[in-house]
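Below are two complexes that have chain A in common, paired first with chain B and then with chain C.
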Partner chain A sequence: MGRLFIAKEDIQTLIERLKEGCDEFIAPKKEHLSDVIFADTKEAGGELIDYEGNSVISPRAFLLPQTEALFEIKSIKDGKFFPIPDKKKRIFYGVRPCDIKALILMRSFFLDEFVDIPYKQKLENSTFIALSCNRLCSEEAFCCEMDAGPVAKEGYDLQLTAIGKGYLVDVGSEKGSRIIRNNKKLFAKPEPRDEKEALETLKCLAKGCKRIDFKKLAGMMNEDKIKPSVWDDIGLRCVVCSGCITLCPTCSCFSIADRVSGDSGIRLRYCDGCPYSGFTRMAGGSTPFPLHKDHIRRFFEHKLNYDVGRYGIPSCVGCARCINTCPGNISIRKFIEEVAK
Partner chain B sequence: MKLNEYLPVPAAIKDIVDETPDTKTFILQIKGRSNRVFKYKPGQFLMISLPGYGEAPFTFASSPSKDGKFQISVRRVGFLTNAMHKLKEKDIIGVRGPYGNTFPLDKMEKKDLLFIAGGCGIAPLRPLIQHVFSTRGGKNRKDYGKVEIIYGCRMPKDRFYKKEIKEWMDEPDTKVYLTVDEPDQTWDGACGVVCVMFPRIKLNPKTSMVFLCGPSVMIKSAIRDILKLGFREQNIYASLERYMKCGIGKCGHCYIKGKYVCTDGPNFSYTQMKKLGITS
Partner chain C sequence: MIKKVLTTCPYCGVGCGFYLDVRDGQIIGVIPSRANSVSKGYLCVKGWHAHEPIQHPDRLKKPLIKKNGTFKEASWENALDYVADRLKSIKERYGPDSLAVCASARCTNEENFLMMKFARAVLGTNNVDHCARTCHSATVAGLNQSFGSGASTNSYDELIHMDCIFIIGSNPTEAHPIVGWRVRTAIDNGAKIIVCDPRRILLAENASIYIQQYPGTDIALINAMINYIIREDIHDKDFIKNRTESFDALKEIVKDYTPESVKDITGVEPSLIKKAARLYAMSKRSCIMYSLGMTEHIVGTDNVMAMANLAMVTGHVGREFSGIYPMRGQNNVQGACDMGALPNVYSGYQPVTDEEARKKFERAWGVNLPAKGGLTLTDMMFKAIEGSLKCFYIIGEDQLRTDPDTHMIERALASLEFLVVQEIFLSETAKKADVVLPGASFAEKEGTFTCAERRFQRVRRAIEPLSGKTDGNIISELSRRLGYQMEQDPKKVCDEMAGLTPMYAGVSFERLEENGLQWPVLTKGHPGTPVVHLGKFKRGLGKFVPIKHKPPAEVPDKEYPFILSTGRILFHYNTGTMTRRVANLSREYPHNFVQINPIDAGNLNIKNRQKVRVKTRRGELVISAEVTDKIKKGVLWMPFHFSDEPTNVLTNSAFDPVCRIGEYKACAAHIEKI
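On to the complex of A and B.
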């Protein structure tokens, strides 16, 4: 299916129809402090059709929530454990290309070798409508350099690109073309000048951007060619606020805990991560990574070095959420620029 | 859809053996028909759940048996293990697995074998030692060369599997060296860390295989000294311990340089360990 066009006034109609066919419509919304976050707007409404910048928290939180039940403990005494099926149909609207790229990475991770069923069942029942970027969301963002923006190349079901009078629509999957087929009257063929307009914007955005040679960077990290003082500095600045791992769209580490009362309860997993000193601490108290700088190094190396070895691409998408939130001004972008120079 | 890998199956405690003052061996059997967990190989581990207390990895401490029973040895060191020590016969716990890799069983054939264990590090090596001494699976003792076992503990009372170790001493072409860090009146054997026994090793270092497990300081110093004797890096295998929450390469706790100790290990050759930049 070729590129299509939807007029501004028809988008709301489309959204209303999509809401009818899903259990959760997860879309950008302004919260009380005017920050943009993703929220379920199926009943509550208030979704933003278009928005500036990117959401504070990535939509990852709906697929890998801060805490999530893994299964139900029906009886501790008898050892009865039951899965908790999640059959909710979710539509994600207005997801930025960097977060779409992050979803591709998360999919390969969670569906690799041992399949993570709690993640898989949510992912497979979800539809992703991307909204490409017309300008950089923050001064720190470097999605173009990381090949994750301003337009998603794959991983979406539909992708919207804003132009003056509406949106260009790219179809990325069967799920996407089904939406088009079911709402035929809302879509039209774009005029050549509309496509030209989008192309011009894209050109402006990508101007001066230099793709990062991530293989070279990974190679340098692999051969331990980075000055040890760089890690020392990073370690000194980190205050273990865990903002980076909380906001990162590709962070996936977790811990487990039980919540029981009497003979029953649930086992849940909660987001955890490498900055915490207890992350690698074993029973008895010893840890293979006692130094703080090694915890942050692990974060950087995982994304920029080891994942390049495993998946062929880094798992940093340049969304800059970790940079903007860091109280110690640690910048993965600066790190890349300084090292890859 | 595939089974939820996080879901444990119930297992009953058939028997509990007091191994040392702070260690118990649990003899377990799966309840019902889930026999998947039985098909494990020496060196693999399983996840043990005690609902309300959480879940942790434990190595299989016995080689697979016909009746489906398997053993884990649990030292009382933390929240979960303290709770486990309060369990009684017939109590039910959750288990899932097996996970992780096995020792290079094929590579071991016809070779002389050296086992070095410290403290509870004997547990992961025990299924392997039993495998060598057993006559099951179409193999027997003649398929392997000489065997030497070096086992060090803090005190004489901290030694695991006391009765079985005596039986190992009677196996043909087998030597067992025991040592303790802090001897008491009952002890008339060797004193010191495992490395003090190394001069007694009679095996040909160039062709023998070495299997280690123990506290990280022990693994580190034992590998250093064993290399000095001429044993080959690629023939040295260690079973490593890491904090793990899932056992299936997802939770990230045991991640080292792109490898997961739970799925790529827990048994690594020293050549692999060097690549990962770890010594223990």
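On to the complex of A and C.
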């Protein structure tokens, strides 16, 4: 299906219709003062149709929540366990291209080899409507350098690109085509000058951006060619807040815990990962990476080296969430710039 | 149903803002608020996991009454009737001063106001206190004498613009990580950091000057700095002349403290003291940051005044980008003090002995109020053992794990006729209670907390109280049973408090909506006060109080050759009732440990992670050793978060004579390998 156009006044109509067909309509919403965070606006309303910046949390917070009950333990004694399925139909609106790219990577991790049923279930019941960027979401963002913005190339069901009078619409999947078919009257063919307008904006944003040579970077990391002082500095900065791994749209690590009272309770999984020394501690108490700097190095290596080997691309999408939440002022962007220069 | 509830972190005194992520009634995560002026989108590891303990299955949900030594669940009606009856009969039999209330720095301002009102107006005693006694009572007492106000002089946001930050007895990146972020940013902006700590803490690695003094020798260290500053003629003469008094007395006393003469006491090279003194004095924008490493000594109050002397002698106070930052330990320990949960003052530090203030509260509450100051938490324990204190009502505090010399506290609690504990988990202290009333966590209530920069911030309800009642509800329902009606709606309690307290007169829930307010807030239109003592100290002239070094109550000897100090680690919070129920935090540090220098360890043939016995005159503990060069030779250090391996069986029940704080930071100890 070719590119389409939807007028400003019709987008709200489309949103209202979409809300009718889902359980949760997850869209960016203005919370306290300038905070923008994905919220369920199906009943409450208040979604931002066009917005600046990005949500503090990414769609990951819905597909792999910070804590997630996996199953109910009715009786440990009798071995009675019941899965807690999440079959909610969700439409995500206004997802930024960086987060769309992150979803592709997460899909590979959770569905390609070992299939993670709770993730798969939620992913398959989700529809993603992307909204391309016409300005950087924060000073630290570097999506263009990571080839993850300002537009998504794939991974969305629909993608909107704002122009003066409305939005250009790209269709990326059968789910997306279905939305178009069901709301035919709202969409039209774009005029050539609309396409030109969109192109101008995107060009403007991408101006001066230099894609990083991620293969070269991965190679350097693989050969341990990073100056040791870089890792030393990072080690002295990290205060193990875990904000980076909690907000990163491509962090997939989790651990399992039981919350039991007497004979019953729940099993949950929760966000876990690199910064903790306990994350890789062995049963005997020793750890293969005893030094703290190596824990954060693990995070960097995973995003910029191992995943290049595994998926052919780095799993950092340049959203800058980890930078903006790091109490040690660690910047993966600065790391890349300094190392790759 | 997805809901996001903006609230304030329940852990340390920094006061970070986040949203609780509530889905179908379950709190599943935490989302930092970038718009919050305190935390700006940053959180520490405890904050990121603040949701986990809230709906933990171990939460107390029903009142418990002890019968023949075992707890039986009871209805709220029965439990409250029973508690009210017992309180009434003890009061009738022994008089109101046989009862005492321990309010809670974990609860809201409004609840603390109700608690102190309950003690004073309902029970009829000024015996009300809370855990500030064991953390920053020295700050309130000390800074009050020096400046006329016992709280932080300046605001967090000034920190990143400082040229020099003098950090003593404080470990910001572990104990107050989002203030630690500001120190980190100051370093990145080019600030010079001076760290004084018996342990080489993380910030020491980036410090321009690191001083590793012995615990309990801070006055000698600071006096030597002042001595050097005066001798080098780099003191701020204009400031001293115009804004202070009694400089000559200070000059006289510091004469005996040269950097050379304190070398043996402090274990610090004189050249380092000189360098630090010069850097602090000569930097344009200098401030001091401290916490319990300074206060938890028998000379806690003196330590605080010594720092005030240092700040005044160099003119680094009473203006923007300067000052003294006491880092408060608990989410609302500032607020609990502010609300008058102290034995000598009503809200806003209005003395109970001031007849005018007392009359004002009497008129407002319609009762006669006791005119004599009450007992401190410390002395409540002594009076319980002596027998004159019969009943203790404790809210949200675990004295058996937090107070020094656990065995003494055990004796004190066992001596009581009636002990009520209001708690969210069955703490060690709660286990000793006659009645346990299930309180509510921060996520279950409306109200306000006040953070270390004197900022009132809103706390908002994300879920209904698991036990059906908030701590405020419980107090007010007990009060009604004792014949006194109390307003319990938090918003109205806040208004009542503001109406009775000139310093917070302009505070209301509406005005706190945006980003809170920093007190003093004198009128409804007052913008709040980021910097105190501008142009003039609260007391008029800043007072130099001459301070002499005094060694800790217990110093090393042959039998107990080490100095044992204690403190907080990043991953746990106080007695660990919450953090040890968070999977990742507990995994990071599941057990207690003792840090020992490799030289000492070598001499005693102690290896890393080996079991050792640590012994003091109060008790002993078997734990594992952490051999690390981060700690000074001759010093041992232990955290206090592990209820099953409780450090405070070892600490000393010696107290500051003024503020009655315990000496957790220095006692004599023996260590041996097993």
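As a working rule, the second predicted complex is superposed on the first by the 339 of 341 C-alpha atoms of A that agree within 3 Å, B and C clash if a C-alpha of one lies under 4 Å from a C-alpha of the other, contacts with A are read in each partner's own complex, and residues count from 1 in each chain.
Going forward, a contact is a pair of C-beta atoms (placed from the backbone, for glycine too) under 8 Å apart; a residue touches a chain by one contact, two chains touch by 3 or more.
Predicted model, so just to flag it, every value in this text is computed and none were measured.
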| item | value |
| --- | --- |
| Superposition on chain A - do chain B and chain C clash or fit | fit |
| Which superposed partner A:99 touches (first chain B, second chain C, both, neither) | neither |
| Touching partner for A:255 - first (chain B), second (chain C), both, neither | both |
| Touched partner set for A:66, first chain B, second chain C, both or neither | second |
| Partner chain(s) touched by A:170 [first = chain B, second = chain C, both, neither] | neither |
| First (chain B), second (chain C), both or neither touched by A:265 | both |
| Partner chain in contact with A:241 - chain B first, chain C second, else both or neither | second |
| First, second, both or neither for A:47, with chain B first and chain C second | neither |
| Touching partner for A:37 - first (chain B), second (chain C), both, neither | second |
| Chain A-centred angle between chain C and chain B, computed on Cα centres after superposition, in steps of 10 ° | 80 |
| Shortest CA-CA distance in Å separating chain B from chain C in the superposed model | 10 |
| Touching both chain C and chain B, counted on chain A across the two superposed complexes | 255, 257, 260, 265, 272, 281 |
| Chain C contact footprint on chain A (complex, rising order) | 24, 31-35, 37, 39-40, 56-57, 61, 65-69, 236-237, 239-243, 246, 255, 257, 259-261, 265, 270, 272, 276-278, 281, 285, 324-329 |
| List of chain B residues in touch with chain A within their complex | 1-11, 31, 49, 51-56, 77-78, 80-81, 92-94, 215-216, 241-243, 245-246, 248-258, 263, 278, 280 |
| Of chain A, residues touching chain B in the complex | 70-71, 73, 76-83, 109-110, 112-118, 120-121, 252-258, 260, 265, 267, 269, 272-274, 279-284, 286-288, 298, 301-302, 305-307, 309-310 |
| Chain A contact footprint on chain C (complex, rising order) | 1-2, 4, 6, 17, 19, 21, 23, 26, 28-36, 41-45, 47-49, 51-52, 56-58, 173-174, 177-178, 180-181, 184-185, 188, 202, 205-206, 514-515, 570-571, 583-584, 587-588, 609 |
